[in-house]
């Protein structure tokens, strides 16, 4: 293997640049030329190819977003486009592809692998909802941003004795919500995976208020219920002073944390080595604190389960 | 003057605690007993009074919110409640009051002053919309929080080539928006004080896109237009990929900046000294980089003007 | 078990408060009274005991340091003091002890356990040098602080084309240095565990400068060599412009990260449950991403090994 | 005036890039070509000239350091080099120069102005020791960094009941120390401008310890006394547990604050307009919250006085 392509795809995540840097530099050390593909899978079709050398990735380790740009490609679901991508790569002498991204992005990885092209994925999404890996690049930073925001919000909640409903990202999964809730000291956490009753929530609030709790913080994943809707629901039962905060896109950006810079650096190295060892159709992730290769089919087809022990812990901590 | 009361009122702002600390400690040094009143003006009615000594304000300089708690008091607009407050203070031997807060809060200051009670206000609101002072405690931190958020958002805007509409606080005034816009590198800034046309905004976006600008950031004050509404309006004219971020309450909390800690420390000291010098019915603020006393009537009745030079500068910088 | 004591010992670490909160609240839920012991082991001798209820640990999750205070106790190494501590606890009906701290602190744990008193430790030190656990509470935050500092230093290094020598904590172990170095993008990392030659370092610098590297960052653990000494050594070989930055105590404080808040919350819960299940003479840690109990004798007697793979990765990334 | 040169000189400061961006973009709007000079005055001699367009300064507003690089030029003190610089600029059709920097850098400005070349300076140094301006670009961010560090250090000071001596930058001036001390809640502040006695400091510490103060923070400017030396001095009088923290270069870097981004944006605009209006031999600064032009001779020759009121305030606040 002499030349490999590298792209970032789907939602950007802090640490993607650290992974790009790792692939480029480790590739260089191992004698492989790394070709950066801009704008995700779309760049495979338009041949938006750029050779990357170690100095081209200077000063990006600490930066959020992705210098390779990214996109969410619907067009790439078409078979003919996938063949076109492979053709384009082969024309340029590229004999391997590394895909940095989450679930949707690794589906593209799977498609190309099924057509016989050697691919390796790097697990990266702030949502942490990729099967087979305990963590994905970007999750730690996103939750750190969320808890810093909750820390600020608590200042106001305490000063006014208010109930705050904080909506965090997570359309299908509660990973961000659970960690942001526990680490942010939330009194109640709502996730898409676990049913809840607004009546019970209101009962909890009332009961807790009697225990000298003067302010109250509810963290909900957007996929569980929208904060604004929950507020309306609560007001059907009880007349308390509430405020809503939708954290939104700030969770996606920012300089990556230690955790994400380390994970990205390690996964990038493993991805290059995996390709060189002849591995293909895999996603590089971390399991039980060890770097692992996950069959991309498994990673994409299975649904990652929430750690329900954490949910129970959250309840105990909000006593 | 032997005993003075101190309260925080209205929306909490970073630096209120620093001002509380300054009043308590300078009061102590000057031989005045400071009585902390909890929950704003409401505490004057319920006699929620607590004597405060220098050690009681240890470790609060760096904390957002207000340890004295705050409230937005509608009841206090009634004359009889104002008389009751004065009576309550006199009963406890309190012969002066310091009110930390913004426009609404200083209206209470004015009411008590008009009834003959010695009052001094300390200008504090994140909105910076108090007449007679160049800055209010909390504004600098709030804008720093906003620009850090915009910095993160730009990571995503750049990675995906997106247009972002970022809504900041400011129901009646554009001070946060102007500074967050300029310091956040916004391409367009919308404030309540200046009319705008969505058509022109769209023209600007189109024109700028031709100039190699691949992403775009619009900062709007909530009082100019809600981000969600602006997004809908823009989509009537042009089909571009947009995202909305409503920064909301995170702007209100957090550890105060140098600027706000210094301002709070200085205004707190001046407020105590002003009362001791026999001043009353004033608000302490900063004008032309000097600590000044503003007649509370002027502070409350006049509308602070936006610096339109900054608006012009913003246009030049977004070229 | 009806009553357990809880103390923090040794150097403070961000997340200790989160662990205190977890022990107190989980204890409360499980029907155990938690007695906070102030000033570490010293408080066991002076009976500095305070019953802690869930509201007593409100608002500490996000705070650095330890509200229980801590100390480095030499006196506690004496057998008679250990017996005195046990006697004091028994007098107050305390039948278990939880010790939050690092290597030195868990030695006290071991001593009491050997004398028959039920003890459980919680792994917490910014140095991460406790055997049997992949991470200790405080390490993640400390490294995040270090890399934020290095990010700032790089601004100056880049602007002036300078070589910076950044000294991080780690008297006996290179864990902070390795992670801060990789995540901070250092060109060279020096740790106590691995020998190095200044001559080779100088050769590396010269070679790299030829590769368009205009600035240079060396991260050294204090236990490998002091930055100031390294600077002198380097200047014996080559006349380059260098600066020294000793990060020092800022690495120890600050609001804990997601990682440390989560780890502290989970370890706190496990510690309480372990005592209730009859476990003793153990330290709660995390291994392979699972909460584990480590025999305190093993934890204290063995030396934790540095991951040398990371050292190799660091070399590749600095190409 | 059709073409102006722009350079940054001396120590880098956060906000220099924001000023560069402002000069380039405002210049473009006003029809002036801006030529970036790399490596400060040295670049004038080597003709390290690069035309800068609005897109060349995209994404630098938020970055510390200076993309134009900087240097401390001793060679430029020679007359013949100054003539050479003017000759080089004239050869390239450059008829004006903007110098972003502090005291030393504006001395170069003065030399060129005296030789008849139109120059305008922009006040920028973290030390804030330039006469005629209340603030210089970089000071606010530097102090914010210092107080964040002190906030972290206080966590440890509180947890262990320690006395910390924190050394901040300021070889000849105490501006950083005064603001970092007050905003960081220091108990004692030492600056080069005001004499102090170690004996009195020790008396203060002893007296304060009796007032329930359990930890203690001293902030000293490096130009007043080195922290390590002060520690030794204190230990001659009293045996208390002390720690030293030298903040060093982290104060110089980092993303600029609102204050510095705004100040840089406004000073940059004013500098361009001043040159176009025919002004020369001036430094742009801010006085009484207004942008002003200061004769460069005055700026360079006079010594800026410390605000001694702040020193008194600091004493009262540390009661």
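Letters A, B, C and D mark the chains in the order given here, with residues in each chain numbered from 1 onward.
Here is the rule we go by: contacts are C-beta pairs under 8 Å (C-beta built on N, C-alpha and C of every residue); 3 or more make two chains touch, one makes a residue touch a chain.
For clarity, every value in this text was computed on a predicted model and none was experimentally measured.
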item	value
Neighbouring chains common to chain B and chain D, by label	none
Equivalent interface positions on chain A and chain C, same or different at half	same
Superposing rotation of chain A relative to chain B, computed on C-alpha atoms, to nearest 5°	180
Whole-Å separation of chain centres (CA-atom averages), chain A against chain B	35
Euclidean distance of C-alpha centroids - chain A vs chain C, Å	28
Centre-to-centre distance between chain C and chain B (centres being mean Cα positions), rounded to whole Å	39
Per-residue multi-chain contacts in chain D, two or more chains	151, 154, 158
Category of the chain touch graph - line, ring, star, complete, other	ring
Full enumeration of touching chain pairs	A-B, A-C, B-D, C-D
Residue ranges of chain C in contact with chain D within the complex	8, 11-12, 14, 63-66, 69-71, 145, 149, 151-156, 158-161, 164, 243-250, 252-254
Chain C - residues contacting chain A, complex	21-22, 25-26, 28-29, 54-55, 59, 61-62, 134, 140, 143-144, 147-148, 151, 154, 158, 179-180, 182-183, 185, 211-213, 255, 257-259, 261-262, 265-266, 269, 287-290, 310, 313, 316-319
